[in-house]
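Below, chain A partners chain B and then partners chain C, in two separate complexes.
What follows is the complex of A and B.
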């Protein structure tokens, strides 16, 4: 008990100082004008639109890819450990560096390949096209985020008892029917976890966009996190504090939905 | 996959032999499935490997070879020119030292602080204060960095922590909730009899913790440590926002100079990317056993 009474207050003390730094005082001091301006600011609104859209697309892509890979990796295959090691690699490398590498791939390698193969659509870098650059952001974010979701799905698939499949196999269910009627319902909790964790993570996407497009062309790929940071450099600190407060509320809402849903799921 | 095997077993053989005959077609089936699935996965893994291949191929080219930006042809002859230049341009030893320092402090701090906090929490679970502090810590998991960034930059500036030390401190704080969650789950599964008998023999709480509980938590400490390592080593946002002095910047952040100043020396930039990625990849390959088990337990929370 003795050392606990020393360590714990220390832990909590550091932690208090860290949550204090949310700085709720800030927005009260500035008043509500910031919020009013924010909701009619096209730059902010487009950043939210872009961020939500990208997060949504990425969540769908990541979960399809991760579930497919997890199913493949848990079935009977050769060289399982090696393959799993390879598929987890994207998770362990720095997002900013991976974004730089992909920036090169999108702006040099793919156009060169497009020219060589005569595919006109590939000859232009999609990063330079304001209408297409978001696709690159989604692809690279998904590339990096898939391993984590995949590992969660693998953990989920391991909770499904084997004899269920045997029974289904004897009844003549095809692989697809087994997947739809057995696997998916049994791991629905994990799907939910992945969707919500993913959505929350992708909302604060920053590094990959900085590395790929730096918000460009123009402001076509500017995310909320980037708007917040840019606000810090431009000096409209309080304004972006209001922005980050809204952003926080959105994240909090998602977190609450997550808690509610996972708890409901645990009861079932 | 299973359909043909039941057909073969059911149609041609009497019921008695059915069980005996089911094994060979089943084995043959899974053998076939095994190869086709493996092949598909290998094809998919090309998507993962491509960027790494591009990096390696570009990094080992000489200046003239790299200038056209063609990445698929392997370098011939292999050249280490890029690495030599990148080493000097990024002042690699210094950036590497800063990154190592931040990461080491983060890993040590995260493991120690969250282990102690989890011990305190899990052994006092019946008390309201400790229960609430657990949920309080967990709630930080839902706070993304961008939300806190502006005020944190301000605070670290005021506290004289706009340097690697401040980044390490914040890294520890951000790892705390996830790590405490893992440790607490692990401690709940640990039998308390050992501690009770130690206490009966007159051991103090700190003695019990350091000599009995902490060594028992070693596997979980490894998992927590690896996560802290990867997060801290690869982080870009926090150091780039918080460290004021560019000469004390971390390895990932340093890579930005290739976007502005040396944007056409592809072989140099890719050599530098490789050097920045390598430690994390090596650490992962060595330690993947714990990464896997940690994630599995984190997922089933």
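What follows is the complex of A and C.
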């Protein structure tokens, strides 16, 4: 029953991708037309380019930030619990709210600060620059996603036994050497989980972009998920179903890679 | 007025999934008798007709945010009059597609009429209202706006209700201060801008951060003032998959000159326009931070709130050297239709009859800055809009091109791209290719 309720809509979606349906009413079969047109549609191709690029950058940024924070928060510092709570806050705020707040920061606060301090680079909102707007998307997505990754890393660091570090300390290993040769190998499973789950999540990024740029300026930050959703609202249902089918295959491939890698990892 | 209204209410006009998946509840007669008013999304899910004896329960779909209180009052009146026989719920959710996809469309809709309505109309999802259309006595010039879109053969699917006219808003005090007259030709308009700029006043306030403001203002005015929009689109539709940059009619050929002129006008915008939004624009224009503002009358309410003393006038953007070419942008802000699948068409038609009575319709238009659509509609009363009356009377108007391009082509984003530095030629080529691609599938 459970698998049926998940599979059926997906199968129906794939079915409709071979028609000219607009989501209701009559439709006709059009074969592979939707797919053929899609692969020559620069709007769709650039949406894929943008989405993949943003997902890659965000994954790197999130994991560096999250690991850094996790290392800090597991070391012996004051107010550790308070800090952990503060850092987890972005996780519980809805993405669209975060996006609107940052939208204001980027288009009003930062330019005003740039003007007051005479920093030319800040005076222009990066949301308004087609070549830079993606950076804002990466930053805000990362800001929201870091806490979750951080929690996973904290859990990971707790699994590393203290005596390994003590032994390493006696052998004279520096902090960096300890991190590279002890911590990272021992938590490699957690790194893998964070990278793959993160990448999959960032591929379907939607509300952050809607709130920040709504796909603009021009179509510079239009993600695949936005294109698909717009298709349903705008009567282009079947075409975007073809798009979702391709998108589904890509995420499926990533999930399979993930399964393989984690299974391999568990055996080690 | 989907996009205009949402510019004000929910800034992007997106992301409201509506009442997804709420099932029809069959036994509602007791509730109906109690006359419980269930607002919004819930109402659309509960609109199944009540069986056995009770009042017939129908829904009115009307989601223009600023008009919701007005219609709530109207429905109270109507429900009071039909107590025991008809009860109308006010459905204010925004997403129509999903309502149709669920097989649960509204019984009567009173909403913005644009290209998006076409797919419902074209596939025969809307019922025939030709008898009621006669009663409504729609002015032929207004009816022509509906007829520009392909209709379902043999049917009157839609009855216009309220028409809005938009043009350039200007600050009368700034114009007086600099001895400026309302320009009637393109070159005079450019001169006005240059004079203002030399005097250190921003000629135009633009809000490029919100794509719809570019499309419905600058772009629609520039194109509508230059070419016959309806004719251009009709020819494009005829081309279908043969459309493209090299076809006899194309975005690249026909829109190039108007849009180059638009770019010249856009360059007179205040610094930092790239990051400004609709709300910023209303506030800044109300405070006199610029002399002109390319927005429709829907912005006047906000402007009046921000500065009750602002003296705002309105004039059509001249795009040629002949003053007689000036036209205003109109759209059918509200139109009425009843789906084929309405649960109780009889009751829906009764409600429609009530809404089109002259007293009800005229009162609505007067309050919401709309122009009447009947042959004998009274003139607009708001003094800021009176200058547009003569254009409306002699049908010197056009429907904005941004409302007639299928939304699956990100036309508004393209418009934004053109004013924020993307290549005009490249964008027009993309548009032509998008159009052909759409026709191919």
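Note that in this section the second predicted complex is superposed on the first by the 238 of 268 C-alpha atoms of A that agree within 3 Å, B and C clash if a C-alpha of one lies under 4 Å from a C-alpha of the other, contacts with A are read in each partner's own complex, and residues count from 1 in each chain.
Here, a contact is a pair of C-beta atoms (placed from the backbone, for glycine too) under 8 Å apart; a residue touches a chain by one contact, two chains touch by 3 or more.
None of the values given here were measured: they were computed from a predicted structure.
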item	value
Chain B versus chain C as contact partner of A:50, first or second or both or neither	neither
First, second, both or neither for A:69, with chain B first and chain C second	first
Chain B versus chain C as contact partner of A:83, first or second or both or neither	first
In the superposition, chain B vs chain C on chain A residues touched	B
A:225 touches, of chain B and chain C: first, second, both or neither?	first
Which of chain B and chain C A:170 touches, first, second, both or neither	first
Chain B versus chain C as contact partner of A:199, first or second or both or neither	neither
Which of chain B and chain C A:96 touches, first, second, both or neither	both
Which of chain B and chain C A:128 touches, first, second, both or neither	second
Partner chain(s) touched by A:207 [first = chain B, second = chain C, both, neither]	both
Contact residues common to both interfaces of chain A (with chain B and with chain C)	22-23, 26, 96, 100, 108, 207, 210, 214, 229, 231-232
Residue numbers on chain A that touch chain B, as the complex places them	1-4, 7-8, 11-12, 14-15, 17-19, 21-23, 26, 69, 72-73, 75-79, 83, 85-98, 100-102, 104-105, 108-109, 112-113, 143, 148, 151-152, 154-156, 158-159, 165, 168-170, 172-175, 190, 193, 200, 203-204, 206-207, 210, 214, 224-225, 228-229, 231-232, 237, 240-241, 244-245, 247-248, 251-252, 255
Touch list for chain C against partner chain A, complex	11-12, 14-15, 95, 97-98, 100-101, 103, 116, 119, 123, 125, 208-211, 272, 274-277, 406-408, 410, 413-414, 416-417, 420-422, 427, 430, 433-434, 437, 440-441
Residues of chain B defined as touching chain A within the complex	1-3, 5-6, 30, 33-35, 37-38, 40-42, 44-45, 47-52, 54-55, 58, 69-72, 113, 116-117, 119-120, 124, 130, 133, 136-137, 140, 142-155, 169-170, 173, 176, 204-206, 209, 230, 233-237, 241, 252-253, 255-256, 258-259, 266, 269-270, 273, 276-277, 280-281, 283-285, 288, 291-292, 295-296, 299-300
Chain C-facing residues of chain A, complex	20, 22-26, 30, 33-34, 37, 40-43, 96, 100, 106-108, 111, 124-125, 127-130, 207, 210-211, 214-220, 222, 229-236, 238-239
